[in-house]
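What follows is a pair of complexes built around subunit A, which joins subunit B in one and subunit C in the other.
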Partner chain A sequence: MRPRFTYGGELFLWRWLRLTMANRYVISPFAIITMLAALLLPLLLDPFGFLILFLDNILVFVLLTLGLQLILGYAGILNLGHAAFFGLGAYTSAILTKTLGVPFPLAFLASTLMGLLGGLLMCPIIRLRDVYFAMASFAFGIVAYVVFSEWRELTNGHIGIRAIPPARLAGIDFTSSLNFYYLVLPCVIVLYLVFRLLLISPFGTSLNAIRQSELAARSVGMHLAAIKVKTILIGAAAAGAAGSLITHLQGFVSPELFNWPQSITLVTMMVIGGIGSFPGAIIGTFAIQFMSEYLRFLVEYKMLIYGGVLVFFMIFLPKGIAGVVRALVVAALERRSAR
Partner chain B sequence: MGVLTTRQVVKRFAGLVAVDHVDLEVQEGEVRGIVGPNGAGKTTLFNLISGFYPVTSGRIEFLGKDITTTSAHRRAGLGIGRTFQATQLFSEMTVLENVATGRHTSTRNGAWAAVLRSRAFRRSLQRDRELAEEIIDFVGLRGTGSLLASSLPYGQQRLVEIARAIVNQPQLLLLDEPAAGMNLHEIEALNELIRKINETRINGTRVTILVVEHNMRVIMNISHRISVLDFGEKIAEGPPKEIQQNERVIAAYLGSTTGGNASLGSSTGLAAAGGSSGGGRAGA
Partner chain C sequence: MLLGQIVYGLVIGSIYSLIAIGFSMVFQAIGLLNFAHQEFMMLGGLIGYTLAVTLNLPAPLVVLLAGLGAGCIAVAIEKVGISPIRHRGGAEINLIIATIGWGIILSNAAMLTWDAYPLGYPQRFQGKPLNLGGISIVPQNLVILGAGILLMILLQLFFKRTWTGQSMRAAAEDSPTAALMGIDTDRTVSWTFFISGALGGIAGVFVSSIFYASFEMGLIGLRCFAAAVLGGFGNIVGAMFGGLILGIIETLGATYISSAYKDVIAYGIVIVILLIRPTGIFAARRTGLT
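The block that comes next holds the complex of A and B.
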């Protein structure tokens, strides 16, 4: 829906909402306000408290879900092995900094590259359609998990790698949750801006096009495989970078974090937040992370609850929370313009 | 010069021969009608020419170059535009956005260009929009640019598809049943539009058009020559007048083996025999 409403002496809020809904902004005022709020938020929180550490963790996951949103929500590729790229990045950073003493910035770049390489490994299956690709990518994730848990010489198996040195950049130490917050937040903001620019470009148009009609996309000269490969590479590289950050945030890595339930959890975040919306990806990440934190006592039933939530959203709210918000805003705008 | 040449082109689907040793020679500026009963292989032939299916054997040439193994997206870039039998629009995009995607092969569309947003890049986007606007006017959809493509009536959606196929100025245009679902008034306008496209000169050459169509009123009206397919084989070729009298064609449409006595002089007569989109082959 691209509603158009009459101009007039209206409040900024309404004007912003209207133009945002019509997709007129490169970066909407709401995105800018959110970014500023995120930058200032730690001032309100206890710097040594739990919440800020929790936020660090969520923001790392936002890097994952933004990438997955590009792949799943825009290109329409159901990737059930996204956690594999996350793991590749995490182990790369862990091994480089711990055993080889490589400084963090280099390890971070290497992790991003490893994520990209992981994306390249996934490319041979890109020609599979729909559910066949989903199954193959699911298997891809399982293979990656087996490598993480069984290649003991390199990964130390199920015990994992511990005492990983904290991130350091330009003399600043990112051990404290507060400092780390200011490491991961710029990453999220940059990724969001880059994705936003991609989306409003012909590349973004081709993503939308191949999702809506592959036949028509081919007829105007779009190279489906190339576009899908690029999308997966971009998402995988972001996941690799997220892997590096989670390694240094936690100080240890073990294979469980990168097993297939993680990939499914990421898809659940998409569905709850809203498939095809970057704010939706962020909302979904927060929703699931808070849910898993505050329903910790139900940990054995976690996947069962996710399954139920997934089914509920697919049936009743297929466009997720972002879709509901969007519908409400559009309705409010229409009511106003009708007056 | 021959714009499109197919030599002994064959397409086989697991035992079924959909296109059987078809030779076509389409000249520059020609409007070539492709007719035949349902299942004769017309759409398959289009899919071979536009590269959507690989050929089983044979050779396809476009502007003198062998494109037999060229992929679909490259053929679009070379100047082959097409539409589909069942309308294929990007339903969540506006009419303008739909048409602008037709410029894909002429636009800088790399990921880097998008992030850096150079002035040349932004200018090329602006140019795409302007061209799309122009073409929307050209096909007679002025003022619909900002509407969702899926909100238009069916006949107009078909025009959006044609606009998207011609915005990049193809030298060869493939129209797959453009009149399907159109009313008489819209069909008149379509005839006019096809003629207008055909008369357009791109770099001094006229646009060559291949049309698959069941509606004989359209095909007899606009085609310079007609090729008739039956069971994947080309059974006749010639100007519309000749095709209407051709015994093998009449036999194929009526499904009779004696055929000769049933003369179909008028175009409407053949249209009635061929059916607009339903069963072309009467029980024999």
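The block that comes next holds the complex of A and C.
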């Protein structure tokens, strides 16, 4: 007997998955299930426990890595200074809400804008070719860090800004980890959907073309610099928003969080998760965060193992976790269509 | 005062040069930004400490053996964890992340081996301060400056006169063609890593004899990346002068402007140089612009 939900002989669900992977549909069945699970997850967790706070933290980082994935995975720009935008957003929100008493929603928007401005600052170096851009953006990140740590009048230097008022929106207080979870999760979902929509739009098509061959994309008349600038601006704005959220989650900011190792960690998350895949960026963020948290029992061997895992991945799984999953799914889909 | 600052800047600069050369060499050979490079310097400093304190060897031997040790470790890393990725056609970003992984492994392995405390070199490495025409100079600084310059001259001779050096230059210029001419490009890459690691290791002994050796000292070496860019990335003579200039700028900048913002000066220069003269302030060969 033939299955009931078919489309030209192909099972409905498989067709859905295949077309999502080909960037024809916005969202796959797996993404919907994951989102529902994420919405319901806190019901299973202790609302005052560590895990929910940890998840809040990871979700803020997901905002960063999603933006970086657009820049790195889709536009192919090796940005080694992404944490600078994160820091810009964080300090903007901290200074606005603490010193000037601006309400959170406005500060959040201002942080996003500041991230965008940071992206504009990075634009002059967009003309540089791959590795040269990587070096310049790395330098950009370090300059931003020094400004955060040395402009004492504004940022209070290495001590940082403490006792930042918690996020408050429409009368709801987001002090508790549980409430904060429902502040950051919608942000992540919206950003994910926006990025998926972007991929389906003509803009996404040109991004895909650039990713496959910059030379070919340029030869058919695409304005590479304009497209790259757009991706950087979008990614930087997302990082600015993430900065605002981390400020209000932690209640303090200090420059160390925005130093160059942070930018490198973000790129690492991308590579472990899988370059050129938004679910990959999310998986990578979770993988690295869980690894650095739950390898603590190894004490002084923790970083050694961490470095070893990075090298192992680069040698044996260069396409990251998402690459492995994608290869498995593609193989399964092909087996089905061959039948 | 000013003269003393400049001499000190040159000493620091010659150390930067040695590290920047290694950075540039690897980039020139395989187009890789080696984020593990500063750890070779760290290893050199720590190996040198063990040789100098535990084995009580004379200073020249310490420098030589520490360089040799760091060079061998660099080759081992290249064989185990860099070349396999290149042979599988790994992307640039994968190689960069692998070097970051190796950097983490090296600094943490060093922490486990030598402990986390800063280790000072014995007094015999510094010597008594000399008074030369009104400026007081620690003889160690002069030795470092001299040794640094000697090493750079030797390196130039190696590249110009020896078969291995020439084949390395050929392979860096155009690897496939060099391979067709019978050059074993895998071997030249290993040689590149050896020399780059060895120079880093020697620089490490110099740095730690002035300050101290510690598993975290790689952070100092990271600044040499700015020196490498200053001289035009992948340009070895440029990296030498880049290092010297950075050393002077940094020392003078710290004295006359602000020591807090010295990184802004160094990396600000990086950005400006990349934008207006991506080939560095010397020679024009590669271009960084699309």
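Points to keep in mind about this one:
By definition in this document, the second predicted complex is superposed on the first by the 294 of 339 C-alpha atoms of A that agree within 3 Å, B and C clash if a C-alpha of one lies under 4 Å from a C-alpha of the other, contacts with A are read in each partner's own complex, and residues count from 1 in each chain.
The rule is short, and it goes like this: a residue touches a chain if its C-beta (ideal position, glycine included) is under 8 Å from a C-beta of that chain, and two chains touch if they have at least 3 such contacts.
Everything numeric in this text was worked out from a predicted model, so none of it was measured.
With the C-alpha superposition on subunit A as described, subunit C and subunit B fit side by side in the combined arrangement. Touched residues of subunit A, counted separately for subunit B and subunit C, are more numerous for C. If you stand at the C-alpha centre of subunit A, subunit B and subunit C are 80 degrees apart, rounded to the nearest 10.
Contact with neither subunit B nor subunit C is seen for A:Ala84 once the two complexes are overlaid on the shared chain. Once chain A of one complex is fitted onto chain A of the other, the partner contacts of A:Leu198 are limited to subunit B, with no touch recorded for subunit C. By the touch criterion defined above, A:Gly308 lies against subunit C but remains apart from subunit B after alignment on the C-alpha atoms of chain A. Applying the stated contact rule after C-alpha superposition, one finds that A:Leu70 touches neither subunit B nor subunit C. For the pair subunit B and subunit C, the model built by superposing on chain A gives 10 Å as the shortest CA-CA distance. Overlaid on A, the two complexes show subunit B and subunit C touching the same residues of subunit A, namely 224. On the side of subunit B, the complex with subunit A involves touching residues 50, 52, 71-74, 76-77, 81-84, 88-94, 97, 100-105, 107-111, 113-115, 117, 121, 125, 146, 148, 161, 164-165, 168. Taken in their complex, subunit A has these residues touching subunit B: 1-2, 4, 194, 197-198, 200-206, 208-209, 212-213, 215-224, 230, 234. On subunit A, the positions that touch subunit C within their shared complex are 72, 78, 124-125, 127-132, 134-136, 138-140, 142-143, 146-147, 150, 224, 264, 267-268, 271, 275, 300-301, 303-304, 306-311, 313-315, 318. Residues 27, 31, 33, 35, 81, 84-85, 88, 90-98, 100-105, 107-109, 111-112, 225-226, 229, 233, 260-261, 263-264, 267-268, 270-271, 274-275, 278, 288-290 of subunit C are the ones that touch subunit A when the two sit in their complex.
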